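First up is the structure itself, then whatever we jot down about it.
Letters are used for the chains, namely A, B, C, D and E, taken in the order the chains are written, and counting of residues starts over at 1 for each.
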Amino acid sequence: MHGIGVFVCHCGSNIAATVDVEKVVEMAKLEPGVVHAEEYQYMCSEAGQEKIATAIREKNLKGIVVCSCSPRMHEATFRKCAEKAGINPYMVEIANIREQCSWIHKDVEEGTEKAVILTRAAIAKVNLNTSLVPGESLVTKRALVIGGGIAGIQTALDIADAGYEVDIVEKTPSIGGKMSQLDKTFPTLDCSACILTPKMVDAAAHEKITLYTYSEVEKVSGFVGDFTVEIRKKARYVNMDKCTGCGVCMEKCPSKKAPSEFNAGLNNRTAIYTPFAQAIPNVPVIDPNQCTKLKTGKCGVCEKFCQAGAIDYTQQDEIVTQKYGAIVVATGFDVIKLDNYDEYAYSQSKDVITSLELERIMNAAGPTKGHLERMSDGKHPKNIVFIQCVGSRCNDSKGKPYCSKICCMYTAKHAMLIRDKYPDVNVTVFYIDVRTPGKNFDEFYRRAVEEYGVNYVKGQVGKVTPEPDGSLTVHGVDLLENKQLKVSADMVVLAAAIEPNPAVRKIATMLTASIDTNNFLTEAHPKLRPVESPTAGVFLSGVCQGPKDIPETVSQAGAAAIKVVGLLAKDKLLTNPCTAKPDELRCNGCSVCANVCPYGAISYEDKLINDHGVRETRRVAAVNSALCQGCGACTVACPSGVMDLQGFSNRQIIAEVDAICR
Amino acid sequence: MCDCNCHQNYNLDTLVPMVGIVTDIRQETPDVKTFRVNAPEGGKLFEHKPGQCAMVSVPGVGEAMFSITSSPTNKEYQEFSIKKCGVLTDYLHDLQVGDEIMVRGPYGNNFPVDTELKGKNLLFVAGGIGLAPLRSVINYVLDNRDDYGTVDIVYGSRSADDLVQLKEIQEVWMKAKDTNVYLTIDRPQEGWDGHVGFVPSYLSELELSTDKTVLVCGPPIMIKFVLGALTEMGFSKEQAYTTLELRMKCGVGKCGRCNIGSKYVCKDGPVFRCDEVDELPNEY
Amino acid sequence: MVKIKRENLAELYKLISAEKSLFVPAKKAGQTNYALYGADTEVDLDTLKTVKSAKELFFPQSETLYNVKTVDNKYTVTQAELQNEEFVVFGIRGCDLKGIEVLDKVFLSDPVDSFYKARRENGITVALSCNEPEESCFCTVFGVDPADAKGDITATLCGEYLYMKANTEKGEKLLSDCASLTEAADESEVADEKAKIAEILKKLPYANLSLEGWDGTVTEEKFNSPVWEELYKPCLACGTCTFVCPTCQCYDIKDYKTANGIQKYRCWDSCMYSDFTMMAHGNNRTSQLQRFRQRFMHKLVYFPANNDGMYSCVGCGRCVDKCPASANIIKVIKAFSKEVD
Amino acid sequence: MQEIISRLEQLFAEGKINRVLGWKKGDLAYNPEVSYFESAEALKDFVYDGFCGANLSKYMIQGSALEGVTAILLKPCDTYSFNQLIKEHRVDREKVYIIGIGCKGKLNIETIKAMGIKGITGIKGAEIDCACDELTVETLYGDKKVAYKDAMLERCHVCKGKEHMIYDELLLESADTLDGDRFAGVDAIEALSPEEKFEFFRKELSKCIRCNACRNVCPACSCRKCVFDSNKFDSEQKANVDPFNESMFHIIRAFHVAGRCTDCGECSRVCPQGIPLHLFNRKFIKDINEYYGDFIAGENAEEKGPLTNFTLDDMEASERR
Amino acid sequence: MSINNEEFRPQIVAFCCNWCSYAGADLAGSSRLAYPADVKIIRVPCSCRVNPMFILRAFEKGADGVIICGCHPGDCHYSTGNYYARRRMTLLFSMLDYVGIERGRTRVEWVSAAEGVKFSQTMNEFVETIRGLGKNVRLGDLRCKK
């Protein structure tokens, strides 16, 4: 191609400090095909874009190279700019001379040399660019929310209120999530259930919302605007239409040995159960691992007592296939397993508990009916020690490297509530730092210390040892006093780190959404697109994206909802034109490409081909460009190079290689 | 042996090209441009005869044979009319005045302007870009007007927009002495008041006398039908000359590509008398 | 005529290679091909036919024609250097020598190929007689005498000696340069060997192959024959025959992108390849039949038409030995003579 | 051999086949050529002996375009290639009648010549009906005896077995010829140091003349246009201008047939320079077997090839041996 | 020798998938985690887009090392791309070992969008390895340097 323009951005001093931009311009001008090169302070600015547009028009440019930040940042900006100036937006290439050059190199000579090479590679590539035109695809006006916690509920409500159909898939028998297990919420100390249940009811009652509880996403295919999802509705063994929610079955069920998930395993539930009293839907499920009838064929008590005749032991899992335009992941979190923290005697003593367990103990609907009791002997504890950062902010492989964010505040809440209700109890908190950035957070913490006399000790706990008398000795340090401490306690509460729900891995894989090393879902941009996943049409809500508290979760849920609504409001979407394209003239029709296509986008047809004057009917590959996502697997599988990827063609990449290795 | 004068003014091997400067570019039709080429120091790269070709190349892009469309009587430059139809020609069409290309040649034989054609009445029949090689002869003849008899030019193309060298046709050829120009286009078109129809049928309609020597150039299918029409009109094969175009690489009759029978199109052609063409195995 | 003891040949190679590049048939990884003589070269005079013919020493499989440097969209062209030093090709057989005669017709005809010409002028050929002709040999059909190949020097292995006789000035010069290693000999000493070879030649299976009906005038008859339809079928469209052939000279000119520009090189090409005549708007030989026919028509009809009856085949039999599909020029010639019957 | 001819004549007579794809007598003792026999009469030139090593499978790509049914003669090892071609939709199963023929090991004339035998005018003992285990080679320079086994193609020493993977009917018995370790050659190279490996391949590959015989004979290399003939990767090259080209061509060629190569050995058989090209293909076969479980290309016409397949816990490249 | 090695600036081509590793490289950049300028990144949509031809081409044109980076297995944006890439590269690299190319010149590494640190560490390590191996003389086309 002849007629390439090169535009080098200073990015203030971000680039210009380590790259001699003038040199880059000068070197670019020597490249074959380049007819224009210039530099500017901020190419992405209005004025910078105007410079590009002017050059395109005046110099009759056919393609442009912008040497600037990562294409993940501004490729779209410059494409739009090029399009406005009259050339195809895909005639733009970006040389990443900021993230991959100026920011990592200190030496100007070195940085400049590399920038020149990167520019050369981009010029070599743009040389072979061709105009591409995106196709269109229709948008299914329905959204799927995976996870029925507060994040999922709020997202669904917001989408539904905007007038779109939403389905919530929740794997447990009831929506509500972790928030339903909480007693009070910080920093306002209002009752968690009181604020959550109305939302649960709203969701259940909303005409645009369909709940799939006790269900899991089985398979996802398709792409933004047109996902096809298979949902497995696990067998409840209770007919949802017939059940009245009277609860007799649960009263009569003789199998009472299953640990209650809702009560964090602190007490047991029956084999047929609803997780909690306010469960929505208020229809029990039979736990097939616990039910005597399902395991041995004998019993059948619940069926006998069910007036509505809702019990159905023959029920099977059911697969529902539904189409969606957008998918929101709201899979939430779990408390980490404390297997690695033997030093705190969690597995040895029933009186070493996690904060979530304490939450259940404090709750009127909990195993102790809200009385503060030791789980070992039911005695009222006199001394309680809280240990912070158990598994959070951990540099070794035992725990998590990140801050779980909510622990400081809920510990303050717990301490305050205990001191308020039981002034006789001494509360000691061992902490590394107390982190209270949030509205009214620090005030809240200070009240705990100042008004409620909670004893905060800056320092870590090395060990908790159960004593023969049933008490616990906490071996810690007081960093401020610089001394070893031994504190006797009746109960120890561990602020265990939170981690993304383990199910998210499988879901992310199905959605092809990326995950970071801690299994949190990655956002499309950490700052500017925090509720979108890099996979188009997939959005993030709640803790699956990173630790956050309830108000943050709710606001993110709303943000995700508006993104979904924005997507569903469109009738058509433009598809990525960088799709695979076969050269029919040379295609063997061998099917190897179709074998590796993850989207089933390749089919074969018998076609009349005119091969340099020879006409014959041949079996050739055809790509459905609406299905093709442009991964390129087929292009490598094809031995004759017949299948090529537009925008990343074989010759383009080869040209880049050549330019780099010159 | 080849009577060409490849590289006579040049001391390198015939396969090694010279650098030429594009000094003018004219957009003839939507997909044809005419490039004027000079030596870097000015003047022509080489001397040639009407009908000869040259290899034009861009390093790393490609090399192909094009007929030289300017007349040898032009002492200042050479011209190539090039249709956009592949990687190299796409690139050439992107060139701007002042850019460099590489040229080697001239190659092949030429229309026998100084022997057989001398003193004859001439009939030129061209279709589309096929005018390019004939233009060289036409201008040569017009510049040496007295050496030849009458000149008739029948030229047609798909549409009025696809007629190349229209300006020269109208301003020079149509005004030349004893010269008739007949233009035609394949399909009716708004703003075209000339003849409509394919070249062979137009030729038949014209009822020209058979005392002419014919020079034909155009797409193979057109040549075929023109020759048919000529035969019907009473012309013999010996009266007609045409040019063949095949894949050529070396230009000097050695690389083997353009070999048909015992002829090498690049060396023994591209100009053949039509009866000679008939003697070749049917592989062109 | 001079002679040298076979056991002293290594000395001869050393002596020649000290002054000039010396190419000898050398065995490498089980196969014998021409190679530049060096300290660890395993010279192989016993193998009758090198896989590639001696053609490559005058018309290499690939050679640079010129380089183009591109700076700031401006080109600088530099022609590759021509061969300007003498070199010796030792052990070339009669058939290969005849092959070079054929190539001369092509490359030394106007316009002369200067790359080839420089090599021809600087090459000194020491032709070696074929003591044990093989079943695939049919050079005698093309007038080659393998017992007395006329290179710049004719060499004959006989008994313990290699006999050498200069035929040209270049040959004289080379022999006199090597005089320290040779002793005088008489022509009669090789007479018996030559007679022996002549006897064997008569017994070769293809000794009586007839070229009747093949000359430059039979284009139409041969071209349109239905025999090709049958003959081409086994052809794999590979280039083995072309590349081992001492007379095939089709080439391609290609670009190679170097760091600073383009290297234009030419390399052997094969008319058997499906893309040989492919061009943007069509292909004038679309079927393998056409391509197969072209190769043999060229050798036996078109070439003689342009070169006073000289065939572009020398009967070396390499295609007979090497064609993976056992399709070869013998089968073509025989198929047509069968048709005549 | 007569058994085959009779059966073919019968098939012609019954109208079941329109032609036969087989071998025709050569003009020397050892050069039969592949031929289409269009009638029963034409079969007078038919031959099937020890020198009929050519794998006919690939010819059926062209054969599929012909009218009517073609009877093809396939040796046990050829049927793997044929299956692979069916899998890749390159041949039309409907248009072919497969006669699986027995094989007692195929001979390599190059091996015989490499023994120093020159001027061969006749060879006795290569006939398929001959039970002899010795060949008599008649030459201009006297008769020579060669053990049948010693003259066999490399691939026959590591024979895949006597079973035909696909056929319509079977004729003639096969013999056991397996007496070597298929991967011994690969193992030997793997045991070398990088320098020695490089030296070995340099020496072998420097002989390559890029005639493309290996590619054109290969039943897996059935591309309409090879990457080395096309500008798809800007990789068009016709000659080994630089040692790099030699390696590039053979590595990529082997990679392109990895998981599809049936180890039919045709590449090594046809190489005019005697390059042991099977060493490339076998390396991939060995790696595939070792890393991803035993896989035999062409064993059937359905199974997914190893390079169009994966498991979640495949080994990492860094774990390669 | 050691002096030579210090002066030796290897040419290294890194193919990075757009979704994970390229983003990881960007993160390394925005986190100012330095690695040698010898590494030049080519963006591809997915590691499965990397054709063996590209790798050999890089070596041909004078690269001293080639590294392929993609999403961690299981995290591919296109769900299965890196699994195919893993098999292809394992076999190709094994073949390169086999023909005598030093093993260290080729590498596959899975780097997620969040692993800026890993990206930078990997590149530092790789460059170090290549510096140790020196110039690639076995798999390059000599004409390139003309």
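We adopt the following convention: contacts are C-beta pairs under 8 Å (C-beta built on N, C-alpha and C of every residue); 3 or more make two chains touch, one makes a residue touch a chain.
Remember, it's a predicted structure, so these values are computed and weren't measured experimentally.
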| query | Which other chains touch chain A while also touching chain E? | reply | C, D
| Chain labels contacting chain C and also chain D | A, E
| task | Select, from D-E and A-C, the pair of chains that is joined by more C-beta pairs in contact. | result | D-E
| said: Based on mean C-alpha positions, which chain is nearest the centroid of every protein C-alpha shown? | reply: E
| query | Based on CA centres, what chain would you say lies at the far end from chain A? | reply | C
| query | Roughly how far is chain B from chain D, going centre to centre by Cα mean, in whole Å? | reply | 51
| If you average the CA atoms of chain C and of chain E, how far apart do the two points sit, in angstrom? | 46
| field | Approximate Å spacing (C-alpha centroids) for the pair chain B, chain C | value | 39
| Residue list for chain A, restricted to those that touch at least two other chains | 32, 596, 637, 641, 650, 654, 658, 662
| Touching two or more other chains - residues of chain D | 225, 227, 233-235, 241, 307-309
| What residues in chain C touch two or more of the other chains? | 70, 73, 252, 256-257, 259, 269, 278-279, 281
| remark: Listing every touching pair of chains gives A-B, A-C, A-D, A-E, B-C, C-D, C-E, D-E
| task | Provide the residue numbers of chain A that touch chain B in the complex, in ascending order. | result | 1-3, 32, 35, 62
| task | Could you pull out which chain D residues touch chain C in their complex? | result | 26-28, 31-36, 54, 114, 118-121, 139-141, 203-204, 206-207, 209-213, 215-217, 225, 229, 234, 236-241, 269-270, 272-275
| field | Contacting residues of chain E [partner chain D, same complex] | value | 51-53, 56-57, 59-60, 73-74, 80, 83-84, 86-103, 106-108, 138-143
| request: Could you pull out which chain A residues touch chain C in their complex? | output: 29-30, 32-33, 612-614, 658, 662
| field | Residue numbers on chain D that touch chain A, as the complex places them | value | 65, 87-90, 222-227, 230-235, 256-257, 304-305, 307-309
